[in-house]
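Heads up, the next two complexes both have subunit A, just with different partners, subunit B and then subunit C.
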Partner chain A sequence: MPTFGYVLVALAQVLLVAAAAPLASGFSRTLRAKMHTRHGPGLLQDYRDLFKLLRRQDVRPPASGFVFRLMPIVMPATLLVIAAGLPILTRATPIAAVGDLITTVYLFALARFFFALSGLDSGSSFAGIGASRELTLGVLVEPAMLLALFVAALLAGSTNLGDIGAAIVEGRTGAIAATLLAMIAFAFTCYVELGKLPYDMAEAEQELQEGPLTEYAGPSLALVKWSLALKQLVVVAWFVGTFLPFGAAVEPTVTGLVIGFLAVAIKVAVIYGLVGIVENAVARARFRLTSRHTWLGVGVASLAFVFYLAGL
Partner chain B sequence: MNAPFKATKKAPVGASHVEALRAVLPHAVIEESRQTADQITVTVKLGSLPEAVAYLYYQRGGWLSVVVGNDERALNGSFGLYYVLSMEEEDRCYFVVHAAVPEGKEEFPSVTPKVPACVWGEREVRDMYGLRPIGLPDERRLVLPDDWPEGLHPLRKDAMDYRFRPAPTGDDETYAFVNDAKEETTVVPLGPLHITSDEPGHFRLFVDGEDIIDADYRLFYVHRGMEKVAETRMGYDEVTFLADRVCGICGYAHSVAYANSVENALGIEVPLRGQAVRAVLLETERLHSHLLNLGLACHFVGFDTGFMQFFRIREKAMMLAEMLTGSRKTYAINLIGGVRRDILGEQKTRTLAALVELRDDVTRLVDMLMSTANVEGRVKGVGRLDPQVARDYSPVGPLVRGSGHRRDTRVLHAFGGYEMVDLGINVGEGCDVLARTVVRAQEVYDSIAIIEKLLTDTPRGPILTEDFTYKPHKFALGFTEAPRGEDIHWSMTGDNQKLWRWRCRASTYANWPVLRYMLRGNTVSDAPLIVASIDPCYSCTDRVTVVDVKKATQKTVPYKEMERYCRDRTASPLK
Partner chain C sequence: MYAIQMLIGAVMIHALAAVTSLVFRRDDGAAIAAAGFGGALAGLLGLLAGLSALGAAPVAVDWGGPFPFAPFTLRLDGLSGLMVAVISGLTVVASIYSLAYVREYAGRGVGAMGFFTNLFVASMLLVVTADDAFWFLVFFEMMSLASYFLVIFDQNEEAVSAGFLYFLVAHAGSVAIMAAFFLMANSAGSFSFAAFRAHHPSEAVASIAFVLALAGFGAKAGMIPLHVWLPRAHPAAPSHASALMSGVMIKIGVFGIVKVGIDLLGGGVAWWGLLVLALGAISSVMGVIYALAEHDIKKLLAYHSVENIGIILLGVGTGMIGLSTGHPVVAALGLTAGLYHLVNHAVFKGLLFLGAGSVIFRMHTKDMEKMGGLGRVMPWTSLSFLIGALAISAIPPLNGFVSEWLTYQGLFVAALDGSFATRLATPIAATLLALTGALAVMCFVKAYGVIFSGAPRSRRAAEATEVPAAMVIGMVALALACIVLGLAAPLVVPVLASASAQILNQPATVFVDGAMLSVGETALSTPMVALLLIGLATLPVLLGSLFAIARRAPRVGEAPWACGYLPDGHMAVSAHSFAQPIRMFFRPLYAIRKTVAAVEGWVDRRFDGFVAAARRSESAFDDTLVAPVTRGVGEIGRRAQIIQGGDFRIYCLYIVAALIALVLVTLR
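On to the complex of A and B.
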């Protein structure tokens, strides 16, 4: 059972991620505008967008069912549960049961499942295509992601994300090359998970009218948009917590947590910056060719496994 | 520039085609007339129309430019049909096949089964004049909306006043989309309003998974009734300003084409300097139009950074237009007989300086675009326009040039200022979106070179001639190469200081019919990219609207009564 201190940390993480997600996506937008030589919206634009949408009428297509209504609740809720378990502020996972790599991967899969299902349930053909793309992408990315994490787990001797992070920080993993390769493979799959260009297939505006989002309106749309921002932030935090947990609090003391927060904030900002540069320097990949890219991820992850076996 | 149309040869231009036609169809040719040195109109018997057009099209190197219908009952008791062919192999000229459809028996043998390119023209003639093409495979309406009363043909002279619109006959969409797929397909509607085109056009994709098996579309959602307005309300010079408004991008090309058509009909010689100014402005228009499309190509493959950067440098072309014409669009410059504004010495210097800057910017950006990861992967081999399909349907502009056909009005039928420059044709062999994009990029450089040449060696003298009088019932073609391809206008003067008939065919009108073939075999995600690669212009296509009496009755309402109704808005004469 987690101690009271760690329960508070988990709560703090949930609130923090929930509140900061629009800020992070706003940061992406500002960066994008800079790359476009535009003035662009301010950092807080996404908050304004969300509040505006929340005040609007919620319209649903007549063909839609209860999954369509449920998704805007299920998706952010799942992501917040993940946020509670990730080692974000502290080095250990605040709630060990959630902070396990298998639980985390499946919680992400649950969010994706509902996201895709809502697209199918909306009755719109664009949303349907977006949904099938989302699921295909899941099938393509998850093997590489799991393999990379398993290599890290084998190296650390635990499937707990906090333990993996601790092992990496303390240099207990032994095989440096295997760790690095696992990190690269995981970073790549995380990038695909972010749903940014060139892999924003499911929500491609020009191709599919934003896919599963196309039929949502008002508060539901606000929740879905917020969830997508949330997902990006949680994925980045997941990567940081697992492979780069430097500076995170060892014990849940106030000073440790403040330092941990600052460290995470800086790392996340840097990653968003790098992602922004990649995102704005490429065109969207053709969906048909995505599997070629993801095979590369699987290849790197497999290589990490081979290196682990060789003890390198 | 070699000028093949200057009547220097013994035989007049185009005579060989007439001879050949007489030889193949000995009794078909009734009459032959010439509008200009390189425009011939040959009247053939109505029954021989399909054979005559098909022979000239496939055997003599003709491409269909436009099909014009005309209500000439007040002049000679018949409807006129004009099939305008651009002869592009030997003996280049514009060859118009004319046939008269007698009043009372309003039908004619369809040419479409022999020459597929005629399909839109014949559908439009049927909508607008009620002339029934016998044997036309596609009997759907083209221009008229579904709720338009049967039997009302707006461009007939005795149809109603242009300001009114009949009550809708129904609320349902009855347009049948054609699907040639053998197996079961899912329908994906793109439009009438689609998120990335921002203009009304309804594409219906029939897909299996993500693959497009077949596609159909309907357009003409926003008719503006321009041709009708021009015929019934405006004077000759006003129509040059109306023609500007045909398009928000390439309006000037229409204005020049219209002015040329009237000038050709009346034999007006535009002063050389006026012609040079027109060519400079046409090329300025092409600059900003092509830069827009290059930017959009980036946008549709999801490379928004490129999109924004192209817009940044396009702004320079817009400022150039503003400096030269006084408005960001090259509007309001033409009159019949020349132009309204000269290019002054200081403007010339500033333009030349701006062009140097623009050329550098474009080079840098095009290099960047081509070296951007996965841009080529997105556009190569996508949206293939088969050269044979292109030959059958006569598309124009970068679209047809990207499929290896050498079609460029500026070179093949050099007119006005283009006779003063030496210009090649940019052709791509890829037949895909990439080839079209590359052709456009090259044409940007051509445009810059043309403007530089014309500004450096501008002829001196006046820019406008007013030394002419309007003669009734003269007709001729006017043509330009707009950024999207050949714009062609057919005008006939009237006897009341107004046009009798103005047919304005925008380049996109010629390009829509091949789109179906380009979409087949691609994925849904590439559809907007393919549509964008023809650089479509919805407003150009949607230029005709109408007005007519309620419920299919061709009741004629006195003008005074219409005027009263217009004022009072009570007791409609239509009820």
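On to the complex of A and C.
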């Protein structure tokens, strides 16, 4: 069972991620505007959007059932559980009981399950196609993601995310090439998970009316938009915590946590910056050809595995 | 304590229920009640027997029996106790469900259905406890035959053809198992399993026996490539029987692989485990790939049985690798994971088949494209089905996730330290398991979404109502079991770990630390996941109700947005279009099935040829053998008629001649 200190760390991580998600997505928007040489809406626009939506009336389609109403609660709750288990501020997972890599992958599946099912439950054709795409992307990406993490776990000797991070920081993984390749493969799969261009397929605004979001309105839409921002932040934090946990607190002391927070904030900002550059430099990939891209992820992950077997 | 006695009692009650159901076949209500209540009662007794055998030392009782070479011995140990508990547990639920469901079949021989269902369960109970190869095969045949009659119950062309395929594969399988047992009996000098355990044959013979048994039991389990019968036979049976077939009968195949590979042959060589692992990985991926392309709800579920058998075999294979290479932790972890998934699959697949049965009960079709929107009119069915769908998709914190987590951990620990082959194979297996998981999520979002969500796609779907209470009770019980087996994992795992330690013949390994499952450095606590999920759900709930007073009350809109066009039911995604991307991206894998279908067609054609040949040979038999004899006898009769001319003087002459002949004989 986790100590009291780590429970507080978990709580801090949950609140931090929950509060910072709209800021992170606002940062993305600002960056996009800057690259378009537009003035842009400002960093805090996403908070304003959420509060505006929260004041509006909730309208749901006649065909919708309880899944449609449940999803805006289940999805953010699941993402917050993941945030509680990730090694974000500390090097160890605050709550080891949910900090396993397999548990994390499958918790994302829980969020995906409800997100996609709500699309079908709305009865809208756009939402249905978005749901189908969301799950297809999951099918194409999840194996590569798991293999990359599995290789890292094998190098670290444990599937606990904190242990993997610690092994990488302390240089205990041995095979450097395999570690690097696993990191690249995982970074690629995380990028696809972000749902940004060129892989903005399930919630493609221009193509599918934002997919499963089509029929949401008012407070439900606010919660779903918040969850999508949350998901992006959690995925980035997952990558940072597993492969780049430099600066994270070894023990949950106040100074350590403050330094850990600053380190994470800088790393996340840099990654959002890089993602912004990629996102705004490419066009949407053709959905029919996505598998050619994702095979790259599988290939790199397999290469990492081969290097691991060879001990390089 | 009295586990064996309770087991015998359960079998007796099943037999009694079977006969009673048959006796009352003219009165549908009485037959349904006899089969249903009898089955439920026997199931409860069997459940008690199995559970009480789980923690205890093995008990074997010898009843002698009519054959001196094969004493009728029953043995309850960790493995058979678990199987008895699983079989009986699902039987209780399926029997309660059948009380209402079987009324659908009123007037079409429900007495016979009750008879075969009870006989089927009784023979399964005896198969898993028989401790002698001869009786094992007898009950195995009985089980196959009883289920064959359930498959062909509808008596339409599809059911009969599926039944024939099933019959063929089941018997090919039992021939292979028989051959394996003969090989083992040859070296042990007896048909009793106790002798098999004591005398292991040489490695070559053992390997041949194991491969034969793997083929035979694999065919029963629906393991790819021996699965062709499964997606055709299971959907043809009545739904509560499908639940039993998919939930427990195919597990007899896994049971057989564990029994022969680990219990009787002691783990053998490392490549056995690798072979099982490979077959498991292939079965899991291909099973779910094919399931995705289905729009017949029961076929979809049947293909998922292939997938889950694959996942169970991944655990069992890991266990065998651990046992043969001397890694007790890997062995214990793998086998525990396999057994856990076996139990879980029985529960959620039983639930899903019962759910499908409820839907079919109202819709009278298995085609998902004609359903839709049932969630609002069948709330209990849809909620239970959703829990089953989440569990089978291995979503935390439900039971399917726990066993898959253990399977991953088994693969991981095996990969950490082992031969090159193991280190190569296990991460690949884990990756394929991840692919399976993602595909399963897609498949069950599709199944639930197309059946229960959105707008109704047919008039019947719009007019459907919730099913009778008995059916709801059955489904809700299994849905609760899914939740309990997930959250109570820290209590369930020690029981299964001790059972697998008994099977592996090694001291039990502890995988539990307080309320957590803990393997090596890592841990999982499903109660914690559930607690966090519920706790953190308050945050979005609070956020959502922030301006609840100020804003206008929620309302239901008119229709989904269709870019200004008039929305139409045909615009919504269908089961077909939803899975279309997967059919596109995984086209090569579907191509394999076409080849397999060609083989199946070949079997069908051969069958027709066989029947035609039989007809021809029957007449040939008549012409050459029977006809000459009948003609000859007729001829003799006609000739003999001459002596019976009708003239009484000639008859007197006969008498005189006879007297003279007799006098001559005595005088001599």
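Keep this in mind: the second predicted complex is superposed on the first by the 312 of 312 C-alpha atoms of A that agree within 3 Å, B and C clash if a C-alpha of one lies under 4 Å from a C-alpha of the other, contacts with A are read in each partner's own complex, and residues count from 1 in each chain.
Convention: a contact is a pair of C-beta atoms (placed from the backbone, for glycine too) under 8 Å apart; a residue touches a chain by one contact, two chains touch by 3 or more.
Computed from a predicted model, the values in this text were never measured in an experiment.
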| item | value |
| --- | --- |
| Which of subunit B and subunit C A:228 touches, first, second, both or neither | neither |
| Touched partner set for A:264, first subunit B, second subunit C, both or neither | neither |
| Touched partner set for A:160, first subunit B, second subunit C, both or neither | second |
| Subunit B versus subunit C as contact partner of A:105, first or second or both or neither | second |
| Touching partner for A:300 - first (subunit B), second (subunit C), both, neither | neither |
| First, second, both or neither for A:289, with subunit B first and subunit C second | first |
| Partner chain(s) touched by A:280 [first = subunit B, second = subunit C, both, neither] | first |
| Touching partner for A:200 - first (subunit B), second (subunit C), both, neither | first |
| Broader residue contact with subunit A after superposition on the shared chain, subunit B or subunit C | C |
| First (subunit B), second (subunit C), both or neither touched by A:35 | first |
| Overlapping contact positions on subunit A, where the subunit C interface meets the subunit B interface | 125-126, 129, 132, 209, 287-288 |
| Touching residues on subunit C, where the partner in the complex is subunit A | 373, 375-376, 382-383, 386, 390, 393-396, 401, 404-405, 408-409, 412, 415-416, 420, 423-424, 427, 430-432, 434-435, 437-439, 441-442, 444-446, 448-450, 452-455, 514-516, 520-525, 528-529, 532-533, 536-537, 539-541, 543-548, 550-563, 567, 571-573, 577-582, 584-585 |
| Of all residues in subunit A, those that touch subunit B in their complex | 32, 35-38, 125-126, 129, 132, 197-198, 200-201, 204-210, 280-289 |
| Subunit C partner contacts - residues on subunit A that touch it in the complex | 1, 14, 18, 54-68, 72-74, 76-78, 80-81, 84, 95-100, 102-103, 105-107, 109-110, 112-113, 116-117, 120-129, 131-133, 135-136, 138-140, 142-143, 145-147, 150-151, 153-154, 157-160, 163, 209, 214-215, 218-220, 222-223, 226-227, 287-288, 291, 305, 309 |
| Subunit B to subunit A touching residues, read off their complex | 186-189, 194-196, 209-210, 298-309, 312, 372-375, 377-378, 523-529 |
